[in-house]
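As written, the chains take the letters A, B, C and D, and residue 1 is the first residue of each chain.
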């Protein structure tokens, strides 16, 4: 029987299939719909220090093969997260990864300390890559120095496993990945959504209230897969894949590119069964192809690995 | 009868629908299939100083809603382009825009001078954004200084209308756009493909011989549309939209975002009739909604324009 | 350009919970679409079955209509809250614009079964768009009354269905409760008219939806107590709670 | 996992040029796919019509098979070059692996009409995958001979179809011309065997295609004179021109 157990730092998951931040709320919203028992971990909606109302609607528009969202980090804020949402999510039969976002290193430290203290939190994802809250000329996510500071601050604030979530919207993701690794990140989540927009021609205006949103779903898959390929080669901490993963084949591609785990997000909306179907699919694939553990799949499409396999 | 004529610098087109570089070869390949008479202009395959063999196959793989190509700028080189391809294309009833790419400012100048001299060339597109030929940490397309030098050099070398083709693979496209405008570009083509990849799980290796390729097609559309929106607001030279444009609705969205013309590329493969269908579709839309010229569509979804319309 | 609508009947099986008026279901209409499509329950022809009344609007609704009869289709539901039923002595005014009638049909059927007085006001741009025929038939004793309005006057009251509502409210002899569903402008007008008269009014709202369960915060509408999600806080809202300017603008 | 194949007949109309053996057509199989799908002409049942023999491989071929009979489908063709027909005195050896037989069927039909001697060698992994029955029937006089090979020995020659070809060539009494179509490894083996014996050999190659007309340079194959496009320089190539290691590696 192949073993799906996957470890990232201190986070042990029964399957490499996680649920992506922002698509499962705090967890309980999807109770009875998603089979949490077959899921590796859920990543909560990103929490900020203060509650956020989010952006003006419309917040969603479909695109060919994808989805644009401009939620704008609507969340209950740190206090209510700790007081209400976390206790409500704790009984779910699945580890909880808390996603957090601050306006700078100080807030990231504050958030990491506060959620890191809680037993219900198995790990922390630092979200520096939401395209819907700020659009400066030089965003944090493409600034290795700023990212290094954020990760260092969070690292000092907590001993919990930390993953930094990168953005695909940069021409030099490797410098950011390096900076995060050097500053003590335990893992990298590769990657968030790409900025995009649609126009409502009938009303002659942007389809989203926020004008632009983040592109997710299968349309994004090849872009983030290429980033996983690139980053996994470059760093020695584990990479978690995210971007358009919807079925077993997609998950296998991300693992083969070098990801040790994958996150399912947008695919949940059409197929809430996707996480358990993918876990089953991976198990079947491993059985049919003689793999005993997820480790053996990781990077299997890489030259280094292929050469090894051929010599072996 | 609404007027589809569109002007970009000295390039006058009977419709704002152009054909994108690399998808129509040098033109004659598609004779009898594409209705060139209903097309604004064709942009040739990108020409380099020396002939290029291109990348090892496989060079194509489909993705959800899109396509990855890793052609690697296979082209006949400047000499044969001037001697053979250009004379062969000249009889087609459509203006020819020559796309060129050099390894640095010097080659761009050489190419611009050589093609700019020729009467058959109505305008020149400077391609700095092909993701399939070099993958340095700091690619030219996200370096405003290098881009400024390239455009200046080409500008000095020719009086022909010059459009610079930007890449979507940068977090700061505005600085590049600014640099190009300052250096004398007459227009900006926004934008090329995004790097992406797929893995062939059966063979446990990248689906493309070149590992990564450029993502085009409808999957890309919202990303490049957002860039057109952003760039058109920022510069005062015309913007030409490119990325996933396949039908009249897509073309209208790019025009409404601020593009003065659009390029159809990947959509030609499934629908070679797309350029003439879009031209007809624009004409119908304009007739039904009381627009007399393409100008009036340009930017119609922008706040500035909407406010005007509402006051008017 | 008169819209076309179809009535679909789904066989959901005995474990499927009985939908309440106002609730909706998320339907996996096509493999190549990223999102499911939400539709109001528009009838319960038999236990374990439900009707949807669907207007052809785009790719998803067309894909649904093109499925062969008997196709298996993924559904998630019943989702959302429900309409507040009226007191025994009040007249229920059902105000539906265009396909909005779909969201009121199950309510009308339930009220009819309970012998409540129903007065349905059905609007459309022009006569062929009117969907009043999907509602319970008018009765001789006036327990079920149906009136129609068209923007172009091609049938019934010449004007919006909100204008018709105003006239009806002016003439009404009994306490009323208003239920409305339709385009934002119609809902805003109905909300205004009922608010001025202190008549309780609930609206069934539409928003683009992704999760359908309150997780993604994609389907929000502005209320006096902040953004609320149409899928889990709604789709039925007391119109006094809504920020009408934002509803119309969004 | 035995593959399934279907024979489709298309009504192309009288203006459609008559396809030549080796040529192919690009079919718009589904709206939501970015690319058309290329298929060899596999027969001309009547003027203005053509057959395609299609193996179910993925989304596109399945979408084609699911279309109701009589559907209108966009086609671009005939595209590509054609097989070189044999001299009057030579035997044509048609070597097809799996669905590769589709690419040889029109050739077989044309040769048969010209009373050429045909010897078809058809291979597959196992017996159910063999497609020899789509070729012209064997004749008593030996003008049309058909032999089969299976990798697992479940029918006919136990081994690859290239192995079978080797045996046949060793025994052959007349000049031969080889036409092959199938997986890259099979083509490479066939090319080796024929090259050693100086027997002329053409292969019909497959590559992912976008434009189909030589414009995009997406469908290249490595030849001794550089990359050539399968769609416009091929799909038929003299196997001596191919760089076989690259063909197998790609």
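Note that in this section a residue touches a chain if its C-beta (ideal position, glycine included) is under 8 Å from a C-beta of that chain, and two chains touch if they have at least 3 such contacts.
Keep in mind the model is a prediction, meaning the values are calculated, not measured.
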item	value
Where chain A and chain C overlap in contact partners, by chain label	none
Whole-Å gap separating chain B and chain D, where each centre is the average of the chain's CA atoms	37
Chain A and chain B: spacing of chain centres that average the CA atoms, whole Å	33
Chain B-chain C separation of Cα centroids, rounded to whole Å	46
Junction residues of chain C, two or more chains touched	32
Chain A, residues touching no fewer than two other chains	63-66, 217-218
Overall pattern in which the protein chains touch one another (line/ring/star/complete/other)	line
Which pairs of chains touch, using the document's own definition	A-B, A-C, B-D
Partner chain B, residues of chain D touching it in the complex	28, 32-36, 74, 76, 207-222, 226-227, 232, 246, 250
Residues of chain A touching chain B in the complex	63-66, 68, 137-139, 141-142, 167, 169-172, 174-175, 194-201, 204-206, 211-212, 215, 217-223, 225-226, 229, 244, 249, 252-253, 256-257, 300-301, 306
Complex interface listing, chain B residues touching chain D	22-25, 29-30, 33, 45, 53-54, 56-63, 65-67, 69, 71, 74, 209, 217-218, 266, 268-272
